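Please find the structures below.
Common to both upcoming complexes is subunit A, partnered first by subunit B, then by subunit C.
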Partner chain A sequence: MKLTDKFVKHLKKRWFYYLMLFIPLMQVAVFYVYVNINSVILSVRKYDIFTNSFSFAGFSNFEKVFEDIKTQPIVYTAVKNALLLFALLWLLGFPIAVMVAYFLSKGPRGSNFYQVMLYLPSIVSTVTFVIMYKYFCERAYPAIMETFFHKEVEGLLSNYDTTLGTILFFNVWTGFGPQVIMFTGAIKSIDPALFDAGKIDGVNWRSELWHIVLPGIYSTLVVFIISGLAIIFTNQMNLFSFYSRSAPPRLWTMGYYFYAEVSKAETMADFPYLSALGVLMTIVIVPLTIGLKKLLEKVGPKET
Partner chain B sequence: MSKTKTLLKKIVALLLFFLLSFSTVGCRGNIPVENNTGSGGGNHTTQEIDKDKSQLYVFNYNGGVGTEWLYATADAFEAKYAETSFEEGKKGVEIKVSPGKSTLGNIKGTNYDIAFSEGVNFHDFITRGEFLDITDIVTESLSEITNGVETGSIEDKLVENQKYSYKAVKGGYYALPNYESWPGVTYDRKVFRDYELYFAEGGGWTNVDSQKTVGPDGVRNTSDDGLPSSLEEFVTLIKRMKALNVTPILTSGAYTVMTNKLITAIYSNLVGYDEFMLNFSYGEDTIAKTTDVDTSANIITGFNSEGTPIIEKKTITMSNSYYMMQDYGMYYAYEIMRTLIDEKAWSKKMTGVLSHLDAQTEFIYSDLENNPIAMYVDGCYWYNEASDAFKRSEKKYKEAAVNRDFAWMPMPVQVSGSVTEGHGRQPVLLDELRTFGFLNADLKGKPTEKLAKLFLQFCYTDEMLKLFTRTTKMFRGVKYEFTDSEYADLCKYAQSVAEIRSRARVLYPYTDNIIDIYNQKHMNPGLYDTVIGGATENTPYDAMKGTSVTARQYFEGGWISPESWTQQYGEYFNK
Partner chain C sequence: MKKKLQINAFNIFVTVFIVLYSLSILLLMFWALLTSLKSVDEFRLNVLGLPHPFTFENYDIVFRNFRVPINNPADGLMYEIPFEQQLFNSVYYVSVSSLLAAITPMLVAYLTCRFPGKLSTVIYNFVVVTMALPIVGAQSSEMQILRGLHLYDKFIGLFIMKASFLGMWYLVYYAVFKGIPKDYYEAAEIDGASHFTLMTRIAFPLASATFFLVALLNFISIWNDYQVPYLYMPTKVTLSYGIYYMSISGTEGLAYPPIHMAGTTLVVAPILALFVIFRKKILFTVNIGGVKG
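Moving on to the complex of A and B:
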């Protein structure tokens, strides 16, 4: 059989699958491959408004980015907040999620109800949930404080000292549900014989968690940590849902910074600089992500 | 699995696939006559077209200005040209309007023939070839289209810096100003009268016209009589309001950047037109170079041991425009913000969930419900934007809520003391939202090119400009005035807007300076960026509320060093 005949036969048999793959592949090609290649190209170009043309700019955009990192506190603030969010999710969110998932996996009374309630913030649209949360912080909380404690207080979002904490809490909280669901699923997939063996050996819950559950869900945990790190510079901490385009700069993360800068970009002349910043962030985060993945794989439990 | 079942699965999957494809097409933002968010559009917003008529597709940014004005203008245009043929085999025109809540990033490649949008960096649009050249309709006489009523051109209705800046990149006209959006304060004149909040000549308070002070313009018997002429008087007025249990001032708590509108209004009026304009001309646009306009600014170079600003006159050029971040007007505007916070002048209702629409409703209802709020901070479009709230209040409070006595408030023009007769200053009204009307470059050579140009020209005839103001209570960014009888027909708010504009200088923040062309400014947020204790801020209200941040700290944190300025803009100095 000739090669072309083989190809035609193959195509006749598989045409449906290729057709189904068309849209996602196009989406990746346009919105990922093209956009990223274009960003890299833009990062070494400059735009002239009078001639509507781009020209090679060498590394001048990168030089400007480095200069801004040194001189513009907003970049420092945005990086600091992004790291703070990641640290909170990692150090506070994950341990609590694992603990809750562990106890829910034991099937206590109402565990299904708790799981639904925990997952609710992920089911309800973010904007709706943000609105409800804002009303709680700005209307309900001051009313509660006044009614029960006779204290006149500002809303948690209006109060300069509590704004960042309130938004960080929201992010940890809304990220909590999916983590619990995923971890519960992972725990349930652990061989029950291991738990039985533990019971026979008389392990307490702490030992069970440490020696059976954590090794059993380690790969799921790693996925969460790695994906959390990979998006550290694009996570906008739901600031757009809270403030639209006018979030106070002291709350900005790098994700919001990019969003704000791109949305207020006035001319094509603004994009090369932003592309350079994006490329630079990628250069920073890619080795970190790969390094952390390798490290976690190295230090994690090994299958014997 | 049977073959039928497999085939059925494939059909279902394909159906879902096509559904997905259709929804993707639905993402396209340029299908005309969609998202009819306005009301009263009639035939202008329906999909059906009359094949015997020529169609014109118009996009309108449906923000505070609304779209009613466009429906009214379209009606007038359709009626005027009902018997005219613009395309072979067709007679008359149908104008299809698409009100949208998003501003346009491009028009070329869309189905819109004309667009009226906001946040437009026209230099960039022109360079990218998005706009059709409209020099012919801007410069020709309006005599034909107005049947001889007007003899001048649209160009005659533009002020000098508009002309220079519009033509800066390609030498011709490509866009026309849409609506003017002034940031500032609206005050409730009824509350001012009821509580005697006007300054009386010789001291004290009054609500009798003849006893009032001359106000910021220094001219007796104008609408600003009795209003604070200095920042000192403004603070005195705030204190009186507090003492009388009148809430002094309100704006959105959810979008606190709106408080910057007060900063801008105070700053621009304190320093005056020429000095504020230096933020955009950098002392070196054509007007600065060819006329004797004052290009010096009052710059704070430091503070003495008592904390009083040391002010020096500096001539502003491109290379030293970093001084504009040290302008005394900016400092004193921050001082007022600090005082308003300290005096608890801002309404307690300004929580983080009070949107601008909620704030408008609060202001409208406040006096009707005997909890008066004296002043409201927003853009001048707010009155039109709040039309639903007004309707609701009229339904509830009947006659008392009809044609409320709200007015645009002239701002103080000096730091302390009082303006005396003949020593005041013209108000400054800053047009801050960069709104423009323009044609799609794709129209070039098409049969509807002439029609689209004619419609745009029609929008800028005096008759349509006045219709625009009557409908929106706002002005388009060109020169026109109302006769006494026309003025009398306006509602009280529109009268106050028309009255202050007739004696003010409107500042269009565009020039043909090279830095401005490449770096058109975002007014809000953007103009008031600062760094305090390592943290960036862009809204004095946010930085000062609940903190001890002083005006001086906020002000000094925004200063730009000469090195930093040169590094950022040095490439333009010798262009």
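Moving on to the complex of A and C:
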């Protein structure tokens, strides 16, 4: 059979498949593939606001990024804060989330209520939660200290020493619930026979958590840690909701910096520089993400 | 079945922790609600106590004065977007976007599951890879493309952007379609059903529960998001952006905590109502989302 006949026969059989896929594939081709290719192209171009056009700029945008990393403390601070948030979510949030999920998976009294409370910060919009939290820290906290402890204190966000901690706490506090719900789901899907066998052997909660629960939900944990690392440079730490474009530079993260810069751009003049910074960050984070994934898969606990 | 747990250090620690956590969430929301029911003058003197008297005037102020000024690039003039327009923009943008963001992955998942082959394998793997591949700072590029396609600052631009099949929902739908027995399709084919009939009369109805939940979760997240519309559709102000604007601007007559709290309560109320009605289904879906190896 000729190649063209084969092709025609294949098309006749699958015309519906290709027809229906055409628009979704075009969407992804433009708004994912081309967006990212264009990001790389933009990073080696410059924009002329007088002629309203782009021209080739070589690696000058990347040189400027490297220069800024060396001379501007803001880029360094933004990376440091992003790492700090990731460490807090990972080192503090994860172990607590696993313990709470383990507890809830046993179906204690009130577990439905606790699950609703844990999921509430994800249901309510972040900006409304930020507004409530901001006023609570700035107005209710000083009032509480004055009423109950007879101390006059500044608001937690106004106080220079507590601002960063207060914002970090907000992120851990509101991001913690969905992790617990997901881990609870993962624990519930562990074979109950493993828990029964453990009970017969007289294992205590520590052994059960370490030898049954952790190996059982390890793949879920890895997904969370990896996705946490993958968004490290896009996480805004909710700074835009707290401060709009006027967050103090010492609080910035890379995600906040990108969003604030793009949202204020009136021309496309800043886009090449931002794209170069984005491409560089992607180059840094992709191997880190893949490396961490491989490491976690290698060192993970084995089911016993 | 609810169990009575044995008393040990672990259970005591976690119980105390989770009770405090739940209290902190409830306390914040309750305080915000009470604040919205105090007059501006009363709040200055009474930050923590119950309102005396309870008043709904802040809600009335929000309804009457909740306007967001915008600079329309088309004619260079300033306009004010009133509350009703923001509500309409939100409902229109969120309804269409959440439906498109639920239908597209369902369609592609069905096609790639029903028609196995090289292209379907490539699509499946592409979705998995993009989920783990972090792309940083692509907003500039997106903005340039939207402007180039004359889709910037238009509802249709964001609708197209939201109609993507990339992400977790594609995999969820794929698992659903994989679980449908082939006999169903074969029986319909014998009766002369077309590809379109098989998809719309057999596959999609069987995935309708998943579709409903995906659409609902999309609705909640898109309703709450103010940053995407603000960036790509700045003159089509949504309620979430309106609340954000109110919180950061010192608009005369609105820049008081009780009024801000009334505004937040108005935005939160419909979403909380949806959550209360569908909480069992939502939590069940999220529970089964635990990834197992």
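What we mean here is this: the second predicted complex is superposed on the first by the 269 of 304 C-alpha atoms of A that agree within 3 Å, B and C clash if a C-alpha of one lies under 4 Å from a C-alpha of the other, contacts with A are read in each partner's own complex, and residues count from 1 in each chain.
The criterion applied here is as follows: a residue touches a chain if its C-beta (ideal position, glycine included) is under 8 Å from a C-beta of that chain, and two chains touch if they have at least 3 such contacts.
All values derive from a computational prediction rather than experimental measurement.
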item	value
Fit or clash between subunit C and subunit B when superposed on subunit A	clash
Between subunit B and subunit C, more extensive residue contact with subunit A	C
Partner chain(s) touched by A:S244 [first = subunit B, second = subunit C, both, neither]	both
Which of subunit B and subunit C A:V127 touches, first, second, both or neither	second
Which superposed partner A:F169 touches (first subunit B, second subunit C, both, neither)	neither
Subunit B versus subunit C as contact partner of A:F113, first or second or both or neither	second
Partner chain(s) touched by A:A140 [first = subunit B, second = subunit C, both, neither]	second
Touching partner for A:M20 - first (subunit B), second (subunit C), both, neither	both
Touching partner for A:M268 - first (subunit B), second (subunit C), both, neither	both
Subunit B versus subunit C as contact partner of A:T71, first or second or both or neither	first
First (subunit B), second (subunit C), both or neither touched by A:N159	first
Clash-bearing segment of subunit C relative to subunit B, given 150-158, 186-194, 222-230 or 258-266	150-158
Subunit C-contacting residues of subunit A that also contact subunit B	16, 20, 131, 134-135, 139, 243-244, 268
Sites on subunit A touched by subunit B in the complex	16, 19-20, 23, 49-52, 67, 71-74, 76-77, 131, 134-135, 137-139, 142, 154-155, 157-161, 243-244, 246, 248-250, 252, 264, 266-269
Residue numbers on subunit B that touch subunit A, as the complex places them	10, 13-14, 17, 20-21, 24, 121, 123-124, 127-129, 169, 253-257, 350-353, 517-520, 522, 525-526, 529, 531, 534-539, 542, 545-547, 564, 567
Subunit A contact footprint on subunit C (complex, rising order)	1-5, 8, 10-11, 13-15, 17-18, 21-22, 24-26, 28-29, 31-32, 35, 47-48, 104, 107-108, 111, 114-115, 117, 119, 123, 126, 130, 132-145, 147, 149, 160-161, 163-166, 195-196, 199, 220, 223-227, 230-231, 240, 243-244, 247-248, 257, 260-261, 264, 267-268, 271-272, 275, 279, 282-283, 286-293
Touching residues on subunit A, where the partner in the complex is subunit C	14, 16-17, 20-21, 24-25, 27-28, 30-32, 34-36, 38-39, 42, 96, 99-100, 102-104, 106-109, 111, 113-121, 123-136, 139-140, 143-144, 147, 173, 176, 178, 181-189, 205-206, 217-220, 223, 226-227, 229-234, 240-241, 243-244, 254, 258-259, 262-263, 265, 268, 270-272, 274-275, 277-279, 281-282, 285-286, 289-290, 293
